[in-house]
Amino acid sequence: MKIQESDAKSLLLARGLPVPAWTVARTPAAARQAAEAILAGGEDKVVIKALVLVGGRGKAGGVKLAGSADEAEQVADAILGMNIKGITVQKVLVAAAADIIKEFYLAAVLDRKSQRIILMGSAEGGIDIEEVAATRPEAIIREAAHPHLGLLPWQARRLVFGMGLGAHLKDAVKIATGLVETMLVNDADLVEINPLAIIREAGPDGSPVERLVCLDAKVTLDDSALGRHPDLAAMRDLDEEDPTDRIAREQGISFIKLDGNIGCMVNGAGLAMTTMDLVKQAGGAPANFLDIGGGARSDKVAAAMALILSDPKVEAILVNIFGGIARGDEVARGLVRARKEQARSVPMVVRIVGTNADVAAQILEAEKVATAASLDEAVSMAVAAARASAGGAA
Amino acid sequence: MKIQESDAKSLLLARGLPVPAWTVARTPAAARQAAEAILAGGEDKVVIKALVLVGGRGKAGGVKLAGSADEAEQVADAILGMNIKGITVQKVLVAAAADIIKEFYLAAVLDRKSQRIILMGSAEGGIDIEEVAATRPEAIIREAAHPHLGLLPWQARRLVFGMGLGAHLKDAVKIATGLVETMLVNDADLVEINPLAIIREAGPDGSPVERLVCLDAKVTLDDSALGRHPDLAAMRDLDEEDPTDRIAREQGISFIKLDGNIGCMVNGAGLAMTTMDLVKQAGGAPANFLDIGGGARSDKVAAAMALILSDPKVEAILVNIFGGIARGDEVARGLVRARKEQARSVPMVVRIVGTNADVAAQILEAEKVATAASLDEAVSMAVAAARASAGGAA
Amino acid sequence: MSILVGRETRLVVQGITGREGEFHSRAMQAYGTNIVAGVTPGKGGSMALDGSVPVYDTVAEAVAQAGANTSIIFVPAAGATDAVMEAALSGIATIFCIAEHIPALDMLKAVEVVRRAGATLVGPNCPGATTPGQAKVGIIPGSIHLPGRVGVVSRSGTLTYEAVQAMTDAGLGQSTCLGIGGDPIIGTTHLDALKLFAADPDTDAIVMIGEIGGTAEEEAAAWAAEHLAHLPKVAFIAGRTAPEGKRMGHAGAIISGGSGTAASKTAALEAAGFRVALSPTQLPKLLREAGYKG
Amino acid sequence: MSILVGRETRLVVQGITGREGEFHSRAMQAYGTNIVAGVTPGKGGSMALDGSVPVYDTVAEAVAQAGANTSIIFVPAAGATDAVMEAALSGIATIFCIAEHIPALDMLKAVEVVRRAGATLVGPNCPGATTPGQAKVGIIPGSIHLPGRVGVVSRSGTLTYEAVQAMTDAGLGQSTCLGIGGDPIIGTTHLDALKLFAADPDTDAIVMIGEIGGTAEEEAAAWAAEHLAHLPKVAFIAGRTAPEGKRMGHAGAIISGGSGTAASKTAALEAAGFRVALSPTQLPKLLREAGYKG
């Protein structure tokens, strides 16, 4: 689960890491008020950033500076409501604009290949790390945390020296160690600071001092561990969650909306992807990815059907079940019931094989549901049905 | 560092383990008051236990039951002031007397041989575990905690089943896990519950229920880790600490008082023990174990001298220094100064070899201090000096 | 015994008295798998599966008293990593973990313990393995298999069944069918599976099923190019139409930063001498084209 | 090279710029030890010991750039276990840790890391090792040694010096003198040391110095009875007059529950063929009586 920059920064603060203060504003007026307070504190400028869970907000115009309260209000007004990669901006983060001397990149990631938590650092911060990784991999320093003891202090030091942050050894070690702790304590998949920056600010006596701070923060949480972190589960941003996403989540169904017109209901993630791929290959367009999961009781089947039909673009449904844990007859019964309760009617093609497929076939036949024996056949039938349905509607 | 049963129980409580309530009383009146409260709560009897840091208080009469407030006061009066193995009892623990169904033994110990934390359990509780270990080792179940992950739940289960506590699986697993956690969190060497007991008590509806509880607790802390646990360092029982023990501790000197009349000042624990052994073998009696430690600056030498002379039985002093990190000349200078400042004068024999031993010899010769070249010679001289001194005093 | 499971398998079922554990234990027993013990803490001393299998409190007892050498874990996610570590540190050589939704950082710790213990873990979030005609350990429907000499390895569950069914329908029997699971941190990777098949005298061809996310298929392909050049090899990758940045059901199935795409995996596999199918049903045909005569 | 240290030793000093680190580094260098690097985080790029030794920020650099194979750690207790793990996981084969007062549970974790890395740790709270005439790594005064063929191992510091001095005074040279430290959790035990000496062609006799507490001497004795029957062996145990239940300076030197006494250790050693001295000065004579001709 992705969380907003503001929540990610809270998690870093909780580990004692240096994160400059921020305010979240949902209206231009609130942004103005936050900016006033910051400017009254002696800062020259504020930065206003769109809070959205997609990347590239900077390029999309979602990050702007303002030098006065008036300007802050105008900028916030422009950003709020903006559409960034399909997401409507509903809130902004307001903070003092930092006087940046140098930017770095630092992230803790769960690395599948090495089966370790890897800390990745680079002296080239504030940029696209994937581009650096692809073009100049030697610019990235990696340190694998001990699988049972976490990041050891000497590992943090080695990373910090490698990043050229030796002049800020103590603070940088604390941040590096804190990133891995943040990951471990919160069951995160990713904790990224980009940029980690040396900034210039006024010291206690007014003269400028340098300080290493986390200017941005991105945290992704392990969905499988949210059950033991109710405080983190509460960070789910409902502003960016579709009603269908919520229903799917609550029903334990994996559901991802796509652009096509053939709704898919499949058991198993791999088979669900395969079904989508085959629909596309056969000239159709899948409307969704949907894995009803292991058990696939009839109530779950009904919920999946409702999810699919909630998309008005859906013109045909393809059900593909390979019974294993899921019993084919139970799925068939669920389909029949869901069919009777559904709001609108679209053609449906069902293919059920494996455990109790024979009983399933009898049930479906009795209800005159179109069935197919093979996956390829089911796909062709669904694509044809969608075409016919679209033609009929036109 | 040993801590009292009451403090040990606090550490267990902090891990959420079941420990029946207790009160510490320093006067018979306070014990009476505590007993009154317990008896008013519906209990039949209270137990009053001497709080001392030596074993065998039960056999010494330091643990007694009382059935009334009057009796509690009398019992407390008898126990307070009692001498148990050289310690005067200054406080007692008062608690409800448990209705014990069965006793067990459970302890987490730092095992040197396996270099692991070992959890030792036995269905024979409330008894001398060392006797069980010696006579019927098969009655003790052992489980080694993972060196990096601690005691894993399945290990706790295996131990609990082995101890015959399967009927109390969940509680017993929690206690076993909690013991190792107590050890890890507090840097303890030993966390012992003897007895761990199934007791009968009144349930919510008044009918009797069985519960697994920690009836006694013994915790020894790692002296080397006290620096990072100020809260635990504060548990040091000053009631049982000699003024000389305190001075030695504050000076970083290892000092243990013995019964003899030859004071020993040595650098290095092994050499200090060896010096004691040789004194005894030569017919003398060492008055103390004293290791002045690595550096052995002159102020430390003076403090060590004061510690030795604070024992009125000391009739001769044997100084044995093998210079390595410790420089012989610095020790010699310290001795000369301490000699001039000391309260009373006893014969002293000095043997300094190793680093700067030649300079040390010159300094001592100039001050007419008796010196010896070999350890054996130094010991003979000291034993003779003590005899002469004792003869003179007689 | 082909790989991992076979006639030598002496299975202990951890969580045998649970609903899922009991259901699948019956199916495994019906297939012919030698289930020698069950473990449910607190039910030690009882019998499971109609009195045919003794239940113990601990895996150590199952090893000592029933000679178990393989374990399958039907314990739910919250206790599954502990069960994995119990098996590994109690002398079990091969461990299958079925549970899904295990926190990745828990599994990371457990995988390290398993490795240090010298054991093999398959899963979590996997359907297990079947050596057709000998033993099945897991939840793969027994009926889809045919004994033979093709090794099948897959990250998926039902997609594996689909591929195996296609093979069986075409008369291509399998040496062992192995589902390694779709989680980010798993005990046995595609590469590990290929190494096992490479060392197996009963395996003459390879079917590898992958999906988007990570680089496990690429790593396996690189190894296969060097060490399995002599074997007919086919593959299928699910998720050609998956959008970037979305988890497709499996915690590990996500394209991020442009890496882990079906296209990059397909390219790596083809470069390594695999024929890559566009549908699971094409696998038998491609395997024949690759020269497999079995 | 006798055992652990010798002409092949390429030493990195962790904490070379500290007071103790510098002092003892000079003494080691004066003895002839080949100090190839120092490590002090933040002082990388500078030179230590009058410009003769480069200082690095990390042990990894000292290994890569200066070819260090052995490390001595003069870092105080709070950072010592981290330094031990850094050395072990950066490719150092032999590590000496001098600091005392390291929490035992910290060392327990570090010892496990060292073992897993396949490295050897000596200490903590130890004086180090000297192979006379070749190299000394630690704080044992160089002047007390004489090159020869007797292996000396001890839990103590100054008591070791006493024993070595007695040997040297009697003309009995040493192959290696090793102080293993008096803490409860140590990297190299008496038993480990005996195994090293047993495999060393340059060692023809053994002097083992022990003290009260634990059972390490008994375990070493049991092994020696079986594997070192052919070598002359003598021992000394300190603490015959130590009272029960009191820590005699060393964290590990405590008799508890009647075990770990000097009497039990002496009995075990005598049963294993050691001659046990009543004073360190008797060791040379007993070694001659045991048939040592060197």
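Residue numbering begins at 1 within each chain, and the chains themselves are lettered A, B, C and D in the order written.
Methods note: a contact is a pair of C-beta atoms (placed from the backbone, for glycine too) under 8 Å apart; a residue touches a chain by one contact, two chains touch by 3 or more.
Owing to the predicted nature of the structure, the values given are computational and were not obtained by experimental measurement.
Student: Which chains does chain B share as contact partners with chain C?
Tutor: Both-contact set = A.
Student: From the mean C-alpha coordinate of chain A to that of chain B, what's the distance rounded to whole Å?
Tutor: Result: the chain centres lie 56 Å from each other.
Student: Suppose each chain is reduced to the average of its Cα coordinates; what separation in Å results between chain B and chain D?
Tutor: Each chain reduced to its C-alpha mean, chain B and chain D end up 28 Å apart.
Student: Once you find the CA centre of chain C and the CA centre of chain D, what distance in Å lies between them?
Tutor: Distance between chain centres: 49 Å.
Student: Would you give the residues of chain B that are in contact with at least 2 other chains, written as numbers and ranges?
Tutor: Residues 148-149 of chain B touch two or more partner chains.
Student: Would you mind listing the residues of chain D that make contact with two or more other chains?
Tutor: 109
Student: What graph shape do the protein chains here make by touch: line, ring, star, complete or other?
Tutor: Basically it's none of the tidy shapes, so other.
Student: Can you name the residues of chain C that touch chain B in the complex?
Tutor: 41-42, 44, 57-60, 79, 82-83, 85-86, 109, 113
Student: Report the residues of chain D in contact with chain B in the complex, numbered from low to high.
Tutor: 20, 77, 100-106, 108-109, 111-112, 127, 139-141, 143-144, 154-162, 165, 182, 184-185, 209, 211-212, 214-216, 219, 236, 238-243, 245-253, 257-259, 262, 278-281
Student: In their shared complex, at which residues does chain A touch chain D?
Tutor: Listed in rising order, the residues are 146, 149, 152-155, 157-158, 161, 166, 169.
Student: What residues of chain A sit close enough to touch chain B in their complex?
Tutor: 148-149
Student: Which of the residues in chain B end up touching chain D in this complex?
Tutor: 54, 110, 112-113, 115-117, 130, 147-148, 183-184, 187, 189, 222-225, 228, 254, 256, 258, 266-274, 276-281, 286, 289, 291, 294, 322-325, 353-355, 374-376
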